[in-house]
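What follows is a set of notes on a single structure, which appears directly below.
For reference, chains read A, B, C, D and E in written order, and residue numbers begin at 1 within each chain.
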């Protein structure tokens, strides 16, 4: 039997259970519409401004960094899987198996170090830090 | 090695001058240009070649070195001189030296660049006359254009941009046509040639190795190539109807550039016609075109003269008269006789000297008066007797006054044309061309009379005084050469006929 | 290293097949298989739902109370266990208030995604006693991938609510998930280096080899013992990944009201809440499977499920313990710990593991 | 032969050196963030590319990758995913030369820019990608190398992040690049589907056996795939139909980057096109399978590209844009190298390779002159360039050399390569293409000489400050000019190398 | 229980065309990016389906690389779109026209 049929079945179940709960709740729950209920919750105050707020650029930096490293793990996984077999077979030396991965990771780590030093993962900068930044350039 | 030295000195000199400060550039260029001039005169005296370069003659100062191999074809550095090219090399080196001296006065802006370009032109001109490999020749041929384009465009007169571009476009399109045609010819020759060396191609042509190319049969191909190349060179010469760039270029160019343009650059065209069209192709290919070419030549002579008659700009007069003079050269070439071709070659040298002289004289007057209009400068004879005297002497040279080289040249040409068996109706053509002489005499005298004699009526009375020595000296040198060649044409004519005779033998005439 | 042959499908008997055999559904061809698979999935999903049901309304309160020396729920049933039913009814029958700024389809989908993704992850977890829905060759990657879907649910919830706090909560959730996902996966990879396979069954089986044989007691080569460094890293990264203390930034009540779930109520809230607990259990299940030998334990193999649940609950207990014991980190500290600390350490761990595995072999 | 015995992977040394330089720059920037020590950064980049160049030249001279008695034969690495042969080295030389020129020129051009190290390392990374493209021998490596070259380029074009033109250029370059790479990937997937292989020679074998026994069922798939691959190449080489980005990207990009993209990137695009179409799609077998001769596509592309490029260039007022269109025109010329493959002669492809080398000097030089003008701040249109020759004769003289060489006037390197293309086209029987080449060259003379005219003939505007002489830019421009000239007499070795390489590919 | 290869190809072509359609009609740079991703993923479907069909792993491996490349492309693209927004206050790709001739 194919594994994926079972997984698909679980996906279906995973969808049906929430839907079922929603259906049950729909039958049970009351509905008393009232405008103020539906207002955005801002600690009881009248909501101010829109929700599309500007947020810290660092979120974006981190997302980009993640993209790089996530993809990198995707590329490392095949290597990790065959590693044991490759080590056990005598056809290739340990160096030949290890070196490409080390080179790959080292390049990535250089990238990380660069991002680190250039403040990509620096969440908040104090005024002093910003000033220092300005002086350096 | 001599030719390499000539070219190398000019090239290095050009570079050095380009980088030199403006103040000393003129003197430096002059000093440098003396080296090739002196060397070429020595080469002239030491000339030991015989026969025609393309027809298996003995070359003087020959040298050959591998350059590029392209598939089946070798492209080589192949230079050498024969009797027809050596005089032109000497003409080039001397004229360049004199042109440099004559530029001292008029050129007062960006001198180092100017003299650098002039020396660069010299190097390439020597190359054009000495190269015996098609590619090498073509490289030099085209390399002349760029500096000349810049010379006209930067230091020229009010309409210099138009003139420069016109010159550039005309000559370049012509080159492209000629180049394409020649390549087609070489491809048509197929395996029978292994290089672009001109003697080899000539030999293959003579041996009738021409095959077909893209469906064109050998004869058609050869004829088409002949026409295309003729047109390509005709633009350069220039002859009617491809002459319109010439007056513009001459008029707008600064005096030294005009000197070089008229003196040497035009000869590139006629020289190429001699080398390629009339040496390389078998007579049966040329035959159908003899009459048209002769007609074009005569038309050039007369039409050029007529146009000159109508001009009021002195430089323009000289320019159009060049068209006329070049017509003689074509006529001489197409006559296919010893005197015809030899005379044509002689005329190349002679016209180079005379037109150079004329332009220099006009330039000197212009330096003082800032006008070239015939009507404006009347009465100049009083103010600038020497310059005007030389101008008149040049005009006489043009007219073919005996004892001047022009006389000898024209005499040879007419003689050669008259006795031609190759050219049908030769006497008629000759007679018509001779009629050109009358017109030339007419317009030159007319112009001189209007221009330099008569009442002084320059509107703004410039401080017109005697031209400085370095303006006048080159003209005397030229005049001396003109008279020397006029008195003793055999100085170079023997050399020339030596190179010309094989053409006629090969042409089975 | 002993030769661990990757399991082919059929070496172990998976739950759907077992069901098919038991019920005779196997005779009905594809339809029967599908039905059996569906039944198996239903069993597993309900098992997990039941566990979260226990954990959410009851165990969590009890544990927290114990740590803070309080009593917590105790009225309904023995030790207040029936609070689960009461809470379920209460929450399901509440009015569902949908904020006016909500971005509707996304707002409705988010709870389903959060809950469903966690459930789906259990498909490849071998729970012992034959409760193992599927064992694809890429099991480990699959489970990481599916667990990662939750971030989409969180950001959908945060974005679609139309509330600033929700938005910030959703963003934080993503930033946190992405920061700790990589250490998590890379550390998981070091397990793969040992096992040489991504198949969950194989990984579990590889851990059954004895590490040290002390005659009577044979300590199994659980990767937590073989590679404790990786275990600790994975544990920490996992806490951040599922958003528990000290890394519960996305919902940090003190800062963001309730983060992305601020605007959710009624059944939607239940789903989001359950989804979170499911994720905690999924994290526990992964830890149990790849570091703690899965369902392995003393006694007959039939006890597997017991041992397995015990391990999951141990992890859960740990999360609650940390919740009571450790203060929350700041968001900037959180990100920096992730990128500058865990990531580097996890790579170091990977390289080290690779070297050790290489040298041993 | 070689004095030193090197391991096989050392054949990739030029690529590795470029990559190492990029990493070294990153490390430098990590240790010393936001450093504006331009001397060190530009120096490292220039030295790195020069060393790569030196190694590539050394390898070429030593006969690495060459066939025959003298050479070692093509070196296949990673199971033939990469191959170092003469062509690879040849194009590595082009890439390294252009990179060196660009690095040196950027020293002045990028003065005052905040992200110095990033700039140079991106340049080096792109160069690495381009050099890898030269050696890529499988659709996988080709794709990766292509993207490695493209991605830094997108960033480089948009690196002036407060300059709207630069951003716009970067956006357009990126959008079209992303689209074309998607199409390229899809093309790869179709070719893979039709043949089952991604390695170029394996594809060829598959096609040949398929054509021989007539059991190949995916002609349509293959044809579509090839068409899409051509799309990818067209983007990288700025040829029709994916040329729209070029004018915008070149105009908006920092001028050294425009030089880099229009010279090195284009050359790299051509090398994969050459390799893919000579190695993977043997003409006879492929045309038997898909029913069309693929050279036909290139014949059309070549003519259309050169015509479009030249005509558009003739109408421009902006110098950089003119150069951009002329660069499209030159892509058209180089496409003749593929169009003429039908004749089975190495001449035409060799000619295209030669053209790309010469182009690497003359076009880079021309763009660097624009960089110089931008450095001076004289403006962008032809009129703005008026009379520059009076103030900066050396640079302007170099410009004359570049322009006339681009136009293909004899005393300069551009003449040879154009001539060889012309003969190649004629030999391949493509009279129309040859004619188009001639006509377009004549046309191009118009707009090239227009720039010369502006610089030398026109009067400068009244008020113009004296122009500085930035060392780096001048050095790069003068070097490019000297090379453009020197290639005329010294064309022999280039011809030999290019023809050998082409012959090895076609054989 | 195998699905014929042609269905995969049809699916991927459909996806490709959807992507292409998006590129041709959408003016939002982000939408453009997403459309491109669709096209790339169409290629991935092809690659994996063909890898299965041909029984070699080459296609799958390439699909991995393609994903990596697509991600990198998106990273760069988003960066460019970010500066685009900063300079033009819009992510409409038809807005920047400073260089039209």
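Observations, loosely collected:
Everything that follows uses one rule, which is that a contact is a pair of C-beta atoms (placed from the backbone, for glycine too) under 8 Å apart; a residue touches a chain by one contact, two chains touch by 3 or more.
Computed from a predicted structure; not experimentally measured.
The set of chains in contact with chain A as well as chain E comprises D. Leaving out chain A only, the groups of chains that stay linked by touch are B, D, E | C.
Averaging the CA coordinates per chain and comparing them to the mean over all protein CA atoms picks out D as nearest. Chain pair with the highest count of contacting C-beta pairs: A-C.
Separating the centre of chain D from that of chain E, both taken as means of CA atoms, is a distance of 26 Å.
Centroids built from CA atoms put chain D at 38 Å from chain A. Centroids of chain C and chain E (each the mean of its C-alpha atoms) stand 32 Å apart. Averaged C-alpha coordinates put the centre of chain B at 42 Å from the centre of chain D. Each of the following residues of chain A touches two or more other chains: 70, 116. Contact with two or more other chains is made by residues 1, 61, 65, 72, 79 of chain E. Looking at which chains touch one another, you get A-C, A-D, A-E, B-D, D-E.
Those residues of chain A lying in contact with chain E across their complex are 2, 60, 64, 67-68, 70-72, 74-75, 78.
Against chain A, the residues of chain E that register as touching in their complex are 1, 61, 64-65, 67-68, 71-72, 74-75, 78-79, 82.
Chain D makes touch with chain B in their complex at residues 347, 389-390, 393, 397, 400, 404, 409-411, 415-416, 420, 422-423, 426, 431, 438, 441-442, 445-446, 449, 452-453, 456-458, 488-489, 491-492, 495-496, 499. Residues 139-140, 143-144, 147, 151, 154-155, 158, 161-162, 164-165, 167-172, 174-175, 178-179, 181-183, 185-186, 188-190, 192-193, 196-198, 221, 247-248, 251-252, 316-318, 321 of chain D touch chain E in their complex.
The touching residues of chain A, counted against chain D in their complex, run 107, 110-111, 113-114, 116-119, 133, 136-137.
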